[in-house]
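What follows is a structure written as structure tokens; I'll ask about it next.
Order of writing sets the labels: A, B, C and D. Residues in every chain begin at 1.
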């Protein structure tokens, strides 16, 4: 019986992340606009965008191959699955044991792999520039992310996000390494989601863009899927941060319907808080040159490693 | 064996070393030939003396061969060749005569040093005779490497051979001594060297070995 | 001395001696080549008969475990080389490098050389052995100079001078051995008979033995080609006719080393004497190191393989110097296999030089393309000589290196790295010779490949499987040497 | 019984090789040789598989009266050997299958067919060997036969040189192993592995043997800095042989290392666990960086072999560290991870080399800068190459991810190690591993993207044709295995359990009875992974997305030219090239690791000269290690060569000097 409930909750989470993701993006855009004293698009604008894109015809380049048409589905599916594996309002669901944090990172890697390939498929220099930069960024962001995972798992004795969340709910106390890990994770999240200062999701100035350059050739339903995937990714990272560093309120399997409801409510609060911080941060900072990005991510990597090493020291003390 | 006989043998052996030093000292080719004849003569007398005290008549053959071939035939033949080829030049030593002599003394000392540990029961004659024979051999080698021209090298080689004969005849009762000395003397000294000197003359117009080196194979 | 046994020994010596005389008289070159082959074949048959009938040792001659396989090897390679020589010399005659007169001389000398080497191997008397080695030296000196070019004469002269000095040193050593033995064995032939020397060596004066071994090692070592006494060897190999290079590398060096081994056995039997090991190890190692570097700057193909012979002689000397059942076994095996391999290589090289008309390696390329059989035989030969499996030399080098490393790691490392350096040089050249775009004459080689295949086949078989009889023999000899 | 079957297989292979010498030029020779190789390897594969799955601790042995006469040739099959035999023969079957098609294009079959079966046989024999002599004999035979295959296309520029460096490095490795076995066997020559196992070794002997095994097996496997031959030799061989060399032969080298260090040598010291993973980590990162800078498709793959060998050695080294500290369960996990990666790498690397071979056959090009757009002409090859690329980039749900994930799990156990240096080092190695995995993904985006995607850059790429069905069959089999091992890793881990049990005395908990085919290396609360479920999830998500879109969204599609800033008909040359793709990474890493320098020459405005960009890179291991050694050998050779042309008198002086020195030594000695 519990299994069935868990399965239902799991399914619910799948749908929740899918439904919430555009909202989060719209929310961040709205907050940013307000911070700039603009009216900005309404909160539901991303939903509208997606729907409109779905209704539009697809314009394919002559040189596009089957990979170009298959990639959006795979990217979307992989990202969606990854996002659904992160405990949002409930931990310890049945499927959360299918993948730990390393696997989630790797799933996102799969999506990126396909996206970068799709960028190269048409054979224009824009796709190339985007893919090339994206992979450079990823090559540093992934290790940094893994170092953060390291720190957390050394502390919690698990790489399973559910277990980490449960552990973090306990008396952990303030730790330097956790703080470092948080900073590192935030930096990675910014880079991975193509946010300022790494990339500007709103720009279409060719020479400065990364993510947008890759998907320049996409249109219609394909673009819709890719956009949805990027919304999901933002949600995923915010969820991870929330679940690890502010785990309070996450329901644990078998606690009952009320706990799930509380968890969901708190989750929404966490998301709005996170989105607000992101928007403030993005408004306050300028985009950096592409070749400053390695320094930025290198710092994240170092922070992750430092967090791991400090952990040994603090454990002794 | 009485003491005197040994002393005389000893004297001859020592004399041979002395003559070897004289060879080293020489700086003229004809002088060298003459001294070498003396060298061969001393060997011959020494061998004859050994034949006498050992009552080994076959050693007289060795003595005779040494006398005839090396004291007369070869020096004369070499003399002729030198005259015919017009080699009147002086011996061309690699380092100064003085240094060569010093090295020679060092070699004699070395010979004595390596002979010292030999047990006395092998016979005093053996030990000291061997030291002298070894000295002659080493001095002969020194001669070969401290002279540039081929005639001195040939003579150096033959003085080595004399040293060997001295050692072989000193080794009482050694079988095949005559055969070995014959093999050495006749075969090595005369035929082959003769053939090669002839061929070298035929090809290179000189017997100076250093000229040969210009035709060395294997150069890039 | 049992009657049939001494007949056999007599045949081994008499057949080459008689054919030498006969060949010196025969004017016709076709018949003389055939006669040469049949004489060596007869000698081989006689040598094989030694396995059946073995005479008891006499004062002058002896057939024992140490030399029987060497006699067989000697006559076998002598036979195959004479087969090779048949086709080789015919070509030399066609191109006019040799005149019929010189050919007669060549064949007579070939048989004389075989006689001398067999005598050296069979002699019990160390003096007789010395005479035989000297005779072999003189014969080869004459054969090296047979082309009468500047380079050939120079090589012969160099060989002659160095060889003579070496032989003089060896004689001095022999005299010293006699002196050492005389006070124990008494005067006369017995004091020079090897089997007696070994038996009684324990009582000899160690100081005298030590001194004698220095001279013998240097004297015969000159003939073995150990550095720094090697100088005659590369030129003599390069400038003489190729069959002679094959015999020099494959047999004469072995014979000289065999002489050293005889005396080493005497030394080992005397507990007071300085162990001969360190001397042999140092000379052997020096030769290996030296030769392996010398392989790099070679331009003449025969000279290069001559240096490789120096290297291998160094390895063998090193192995015997290390001693112990494993290393001695490996040394004997290596001696046998090296002589087979190196002569096979020289057969190939001879054909290559004749087809391409040059010995300069820069002018030879792509042999596996232009002459597949010749090229691949050379590849196989080089693979064997650098000690790669499946060829037999791998086994001996394996035993030498592993057994040494457990005892003297530093020596083993030096040896192993030198082997690697040598391998680098030989493979570098092989790359140029056997692979790439073919260069030079493309006309097919007409020569007979039977000797090459026979040798390489044996070396290959030895790498996989050694006949138990041979193994027992090697082990027996190995135990006697230490 | 199994051993006999395997040895008969080897005998048949060797016989085929010999028979192929005269028959190689015959019309049917290619089909016969490869057909026979498929059959025999399949039998061997099945036999080894049965032994592995039976998993008993009992090893069967056999002695043949060949080889070292008093020793004989010892053969033995245990679970470790059986596992590696599976790897070897799986590679052999697929490579031979590929060869059936590829062999038709071979210009000089006589230079391939005799050596190919011999190479297969030698690899089998190395794994079966049970004494030092047989091991080294077959080890070197393996090098030699593969060398002959590298030299098959000796007329192509660089190949002969590659073969030379290869054989030289292989011999260096053999020499190191020779020393190692010399130490292990002792002066009396106890060469049989049984005798070695029974001996206990002192600490410094073990240390030297470890170092020698690292040099010996490492040079064959491609550990940095001994890797230099690998990217030269592997690509030079025909593609199916490249696949075997990269995918299988390097694994035989790993086998050699495992056999010596884990089986023969006895208990490890803790610092081995620092040295080996560090070497592995450096190798992994260096390998992938080299690969990124490489534009030759086959050479890129060869450098990736270096990378993956590094990953394998990380696992092996961790196993040593855990074993030294009496943590057998952790050691078993690390070892299982390493061995699983051995299997995985052999599968996807073979697949990728086959793909590169298909491209090479279709276009005659290995240089990626001259390819492009092949996905249109060779869709099937492109598909399987994509699968291989994803697998080697450690992307779920393929197999590469699982073994790297297991390695990470082992790394995460490192805090329990008592040594401080290991505590600090292992996380850093984890960072290196993560870095190499991320860079590998970048590299394969480049490799696949530039080769198969975009528009064709040359007529050769324009006119490429899909490869033959044999080759495709081989590639599809391997691609299926990549997926299978990725979604059902539990079965593979279970198959490895007896191997880990035999070497570490412990094994990873059995995965078979876990629900949902999940894998749980340590404990469920710690970490778990379910490839099947993930795959099903992704498939489901993709399927539902497709369904929704087809149901409700517009299906209209229009073809048009791509957008290129308004310039019409941009030439294919304006595409991103491999060089430009890696430019950011080259700037980040290359400036340090390769001393990469860019020289840009821009003509002044109005000048019609072309602008040039030149990149200079240095190969540091080569410059620091190999060039000086080569220079030293050359210098020594030059100096000693002066001895070749001295005068006779000088030579006599040498003789004289030797005599005097020996006499003096004698005089002093006495």
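Methods note: contacts are C-beta pairs under 8 Å (C-beta built on N, C-alpha and C of every residue); 3 or more make two chains touch, one makes a residue touch a chain.
Since the structure is predicted, the reported quantities are computational estimates derived from the model, not experimental observations.
Colleague: Determine which of the two chain pairs, B-D or B-C, is joined by the larger number of C-beta pairs in contact.
Modeller: B-C
Colleague: So which chain is the furthest away from subunit C, centre to centre on CA atoms?
Modeller: So the chain farthest away from subunit C turns out to be A.
Colleague: So the centre of each chain is just the mean of its C-alpha atoms; given that, what is the distance between subunit B and subunit D in Å?
Modeller: 68
Colleague: So the centre of each chain is just the mean of its C-alpha atoms; given that, what is the distance between subunit A and subunit C in Å?
Modeller: Comparing mean C-alpha positions, subunit C is 78 Å from subunit A.
Colleague: Just give me the whole-number Å value for how far the CA centre of subunit B lies from that of subunit C.
Modeller: Roughly 31 Å separates the two chain centres.
Colleague: If you average the Cα atoms of subunit A and of subunit B to get two centres, how far apart are those centres in Å?
Modeller: Each chain's C-alpha centroid was found; their separation is 99 Å.
Colleague: Two-or-more-chain contact residues of subunit C, please, as numbers and ranges.
Modeller: Within subunit C, the residues that touch at least two other chains are 157, 161, 165, 169, 207, 211, 234, 297.
Colleague: If you look at subunit D, which of its residues touch at least two other chains?
Modeller: If we look for residues of subunit D contacting two or more partner chains, we find 644, 646, 648, 652, 655, 659, 663, 666, 670.
Colleague: Tell me, which residues of subunit A touch at least two other chains?
Modeller: none
Colleague: Could you please write down every pair of chains that are in touch?
Modeller: By the stated definition, chains touch in these pairs: A-D, B-C, B-D, C-D.
Colleague: So in the complex, which bits of subunit A are touching subunit D?
Modeller: Touching subunit D: residues 54-63, 65-67, 73-74, 76-78, 80-81, 84, 95, 97-100, 102-103, 106-107, 109-110, 112-113, 116-117, 119-129, 131-133, 135-136, 138-143, 146-147, 150, 153-154, 157-160, 163, 206, 216-217, 220-221, 224-225, 290-291, 294, 301, 304-305, 308-309, 312 of subunit A.
Colleague: Over in the complex, which subunit C residues touch subunit B? Could you list them?
Modeller: It is residues 125, 127-128, 130-131, 134, 138, 141, 145, 148, 150-151, 153-157, 160-161, 164-165, 168-169, 171-172, 175-176, 178-180, 182-183, 187-189, 191-192, 205, 207-208, 211, 234-235, 238-239, 297-300, 303 of subunit C that touch subunit B.
Colleague: Which subunit B residues qualify as touching subunit C in the complex?
Modeller: Residue positions touching the partner: 114-115, 117-119, 121-123, 126, 130, 133-134, 137, 141, 144, 153, 157, 160-161, 163-164, 167-168, 171-176, 179-180, 183-184, 187-188, 192, 196, 199-200, 203, 209, 212-213, 215-218, 220.
Colleague: Enumerate the contact residues on subunit C facing subunit D in the complex.
Modeller: Answer in residue numbers: 157-158, 161-162, 165-166, 169, 207, 210-211, 214-215, 217-218, 222, 228-229, 231-232, 234, 274, 279, 290, 293-297, 324, 326, 368-369, 372, 383, 386, 388-390, 394-395, 398-399, 401-407, 409, 412-413, 416-417, 419-421, 423-425, 427-428, 431, 435-437, 463-466, 468, 471, 475.
Colleague: Flag every residue of subunit B that touches subunit D in the complex, lowest number first.
Modeller: Answer in residue numbers: 94, 107, 110-111, 113-114, 117, 138, 141-142, 144-145, 147-148, 153, 209-210, 212-213, 216, 218-219.
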